[in-house]
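First subunit A sits with subunit B, and in the next complex the same chain sits with subunit C.
So, the complex of A and B:
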């Protein structure tokens, strides 16, 4: 862009254009300076230090002096409570993903129909939980599920589904269920919008062709929409999995990890070691836990990213094939 | 065709019923905030209060310190939005219009941070804020909230500025405008749609933020935002249910209104992140 400008100007007066370009560079550096400083101080340095801290026994106060090598990491790998939190995070992520992927796709397919009325209205309603404060939603849900007279118990008993109130947040199994349920409800609209964006990016001419050929709705769906949607699906899967691996606000306010650590996630586990007001903070240990979990999330991202690439390449291959075959 | 119409009719009914259930928690919250505490306990399904108890709001606002929390939320959110927008617009403009040496490296570096396995970076950020002497201050919270690489926003501005015709810039320079004035008076006003998208998204994110203000106000209750204040209110006033509902309403209603009014920009921003 600007290289072109300088070529055109360069034919007239080389010296002036070089000077003009230099001034532009200087301005550009000045423009990126604030972001660059922020980036170095609040992104690069923290990433680096989160690894460094992991090798120290450190409470966050005083100098960083007690180097312990891999002790923190070894301790974590032998901590039953860490693995419990790890399992909980994975379970939450897996359940949320399995529930949401098909459900949100279905909703997007309904709203994406050309003749469906009230799209914006429905989108607003179903997206609303996404923009509300998660921690406050957690508190509201605690009251809705919380005690015997809570709304959900009253409703299920009135409908005859339950004969006596269930202590939803007081039992390990049901507490996790409520957490997954509320988390899914909160994230539903986000994924719905992802799918809608994906559906709108599909090429219209293919659908015209299918219509001319007299393909039914389900035929079009099976042999056009779903295959073409695969690359987008892979990206959405990736975004959902990474998002669901980290859950803090909701679990902190809804169950605070209880009952008896049944819903404690890794993020909450780390927080309790790093910032808990009771007891001495163990910054080194918390950092090490953060690294173990960060690497896990990274590995999952790599695998899913690889899948996304595969499905994209597959689609491109099919595309060229069908183009050659003259669909 | 008529089968299709019946099917869509059924779908509408389903979507409306499910939609009511979907937003019922918020409706319930607002109505609960207008009941007395006795009414709240014995309410069952009865949604409407006998008489609207507006003093619940007065109580949350004064006794529950929601006036302070609200002011903190507004100050932190607005300042963060301005800082992030200014920083991202400047960076995006430089990256989109000037091919300076090191430009590629910069773009690669900020995008790469999205994929690097991060440890628990909030601890070092906490230490930085502490060493800057900003612990337990509003500027400290604002700095922590504005941190992050803002990759999505920068790329949005970069693409937008890159696609503006270069004649605009040339014409502006003919008129004697320098680099800075061209940016401020010609280019920036043109990027209003991107400013709207990024501002709305950042507003909603910061307003809803819980983790950062929680950590940074542990020893300083008067710095709590609405999200954190609500959490501690529940811990301190365990039996004032309608007061809590009023507090929750005070916290959620602003962000819901902002979303409904500006939802087009927000949805566009979200869609952009999956297309890109």
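So, the complex of A and C:
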């Protein structure tokens, strides 16, 4: 009898917990539902529709009309101005990544030192640009980098570096440099915080063991910190690249495509076609451009995501190896 | 406990969203039910416009109108003119147009007519009323469709001219007067040098180069003094030679004008910020005394007086190469007009407002120094106590000359325009000026040559596509060999060409 009841009791207990789990899942789905709906309506649907619009030469007014097949896509691939915008976007993204990755890591390392006073203050100061409104930053930077009695020119002339004011935004090369500089300045704090989070997640016992062994700062850096940071680095790289591929509000207010399309990025190119005020807007053509660029960003994301996975697998492999008693 | 918490949160969210949804409709109900006295049902009509310079006129006019008709309320929200196209687009897509709305070149009358979105206004315009307006106001594709009126003009169609404003304070400081305002390029350089000598941070001329449509417009107007066959015009037909029927952006007039602007920049006679600012930043610097001259449209007059609170200025024609006369295309169409939505529920009240519009708002635009009236008699008879406005209007009136238009010759040209919009190159004169001044474009003639070639190809392809679709149209419809620039191209000239 007791054996039977215990068996029955044993069967009942898992059934009750399974039911509890199911109820929990149902609540979870219920809470996810609104966000999922928003995602489908405001993100998935427009993306899908843009694939549809790309096959039409439509101005956005009235019903969808004027099917042109692959014409828009072929025109995009042949459009010199699109590739110019594409190059500018890639250049901006590459420059920003190359500048920011090492610089923010260094700053995070400095701010992570235990003895460093005023850590919180500096963290806040460096993070402030991230929370400012990008379009306002663009407008103000336009005045700072202006030509006549502007801050940067006056400062450099006062320091004796320049003898004549440089038209920063009036020349193709320097306009791109200013754009990259302002973009980097704006995103600096964000990346620094990512690195700080990564650094603080590293296990402290490894460092202690290294100190006991008498390792110097640079040896610690090279053999412990950097290798352990690889997975975090891969993710930060992914986030930075994806963030820098899209720069619309800064370009629009700072240079509006720069002297003669020199700083026109793909976002601005699409905007000008989709919302043109001179003549009719061309939603179909803009959608085609959006598709080409979207697929490019997607590919880059895939590659970087794969890199991130590789580095994580590498880290896991090293861990299992050391656990097995290897190096 | 957890369950109670989650239920609590959900109910808060639900109540919150219901409340926010409710509040909107409550306001609307209040508005409708407030005026229960009087025998007429209270009515609100909505009017969307894209002319910030007319906002004070509308506000004053609405007060008068509502006093005259207490049961009609007119709601005029202020919309940034740059957002107007997008807002109109959304309203068309959701079939939710306001009762009255400004036209917009991106949604031309013929498209609105085909979509069945606008109301015909023939009962407001018997022939006698139509005759009060300038010749060419009632054109198919713009104000009329199939012979009926579908748009009511807002401004005089003979606008806007590009003019040069001069700052009297700056001139006085440099020891100059109104008599010294230059009429030719050489005079501008001479006066400019004098101004530079007197002060190192004041420049003779400032331009808002980032506003490419304004730059392209005034270049075309200045160039008309050198090669008048290239009709100075906006949009897709800038740089078009109406005598030959082809684009000629690399004509002597345009090339020399652009080179002249670059020379002003090189000689430090042009304010160094010009390259990176737009037209309103330029006019603000002009009002602030940083430059003696600024080139803008005649609409800057009211902007300076009302927004910059600056009145010590004058208006002069643009200086041309040898002081020769200049002009601008008046092809008869009305670029600023208002439509009435076909679905309006208050057409009678809208008619009353439009009647009031023509009687009083046109008048107020003149009196408040904003713009000329579409009705000829009002322009002639109204006394305006605003010397700069009168000055600007006089110059504007002299600048506009009735010129040939392909739409009058052949209505199918409207379809060509729609096609051309998709095929035309993205560069325009204003952007090329920017690139040339920034040093990116080293071969100006070559770039303009390429622009003409691309435009001509686009035009020919558009004509081919439209005639392939069955309409009869050819490049001949764009060629007017019997046209003499500076002489008005009247209706008999079209008849001369024959069909």
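Just a few scattered comments:
Going forward, the second predicted complex is superposed on the first by the 288 of 327 C-alpha atoms of A that agree within 3 Å, B and C clash if a C-alpha of one lies under 4 Å from a C-alpha of the other, contacts with A are read in each partner's own complex, and residues count from 1 in each chain.
What we mean here is this: contacts are C-beta pairs under 8 Å (C-beta built on N, C-alpha and C of every residue); 3 or more make two chains touch, one makes a residue touch a chain.
Predicted, not measured: the structure shown is a model, and the values here were computed from it.
Taken together through their common subunit A, the two structures put subunit B and subunit C in a clash. Of the two partner chains placed around the shared chain by superposition, neither subunit B nor subunit C is touched by A:67. By the document's definition of touching, both partners, subunit B and subunit C, reach A:275.
By the document's definition of touching, of the two partners only subunit B reaches A:139; subunit C does not.
Of the two partner chains, subunit B is the only one that A:232 touches; subunit C does not reach it. When the shared chain is aligned, subunit C comes close enough to touch A:170, but subunit B does not.
Of the two partner chains placed by superposition, only subunit C is touched by A:285; subunit B is not. Subunit A is touched at more residues by one of its partners, and among subunit B and subunit C that partner is B.
Looking at the shared chain after the overlay, A:27 reaches both subunit B and subunit C.
Judged by the touch definition given at the top, the superposed model places A:149 against both subunit B and subunit C.
Under the contact criterion defined above, the residues of subunit A that touch both subunit B in one complex and subunit C in the other are 27, 31, 60, 149, 275, 277. Subunit A meets subunit B in the complex at residues 1-5, 23-25, 27-29, 31-32, 34-36, 38-39, 41-51, 53-54, 60, 110, 113, 115-118, 122-129, 131-137, 139-141, 143-144, 149, 151, 154-155, 158, 185, 190, 193-194, 196-198, 200-201, 232, 235-236, 239, 248-249, 252-253, 270, 274-275, 277, 283, 286-287, 289-291, 294-295, 297-298, 301. Across the complex, subunit A meets subunit C through its residues 27, 31, 57, 59-62, 81, 142, 146-149, 165, 167, 169-172, 255-256, 259-262, 272, 275-282, 285. By the touch criterion given at the top, residues 6, 82, 85-86, 89, 92-93, 105-107, 111, 114-115, 201, 210, 213, 235-236, 271-273, 275-276, 290, 418, 421-422, 424, 426, 428, 431-432, 434-435, 437-441 of subunit C touch subunit A in their complex. Within the complex formed with subunit A, the residues of subunit B that make contact are 4, 8, 11-12, 15, 19, 22-23, 25-26, 28-29, 41, 44-45, 86-88, 90-91, 93-95, 97-101, 103, 106, 109-110, 113, 115-128, 143-144, 146-150, 154, 162, 166, 170, 179-180, 183, 204, 207-208, 210-211, 215, 218, 226-228, 230-231, 234, 241, 244, 248, 251-252, 255-256, 259-260, 263, 266-267, 270-275.
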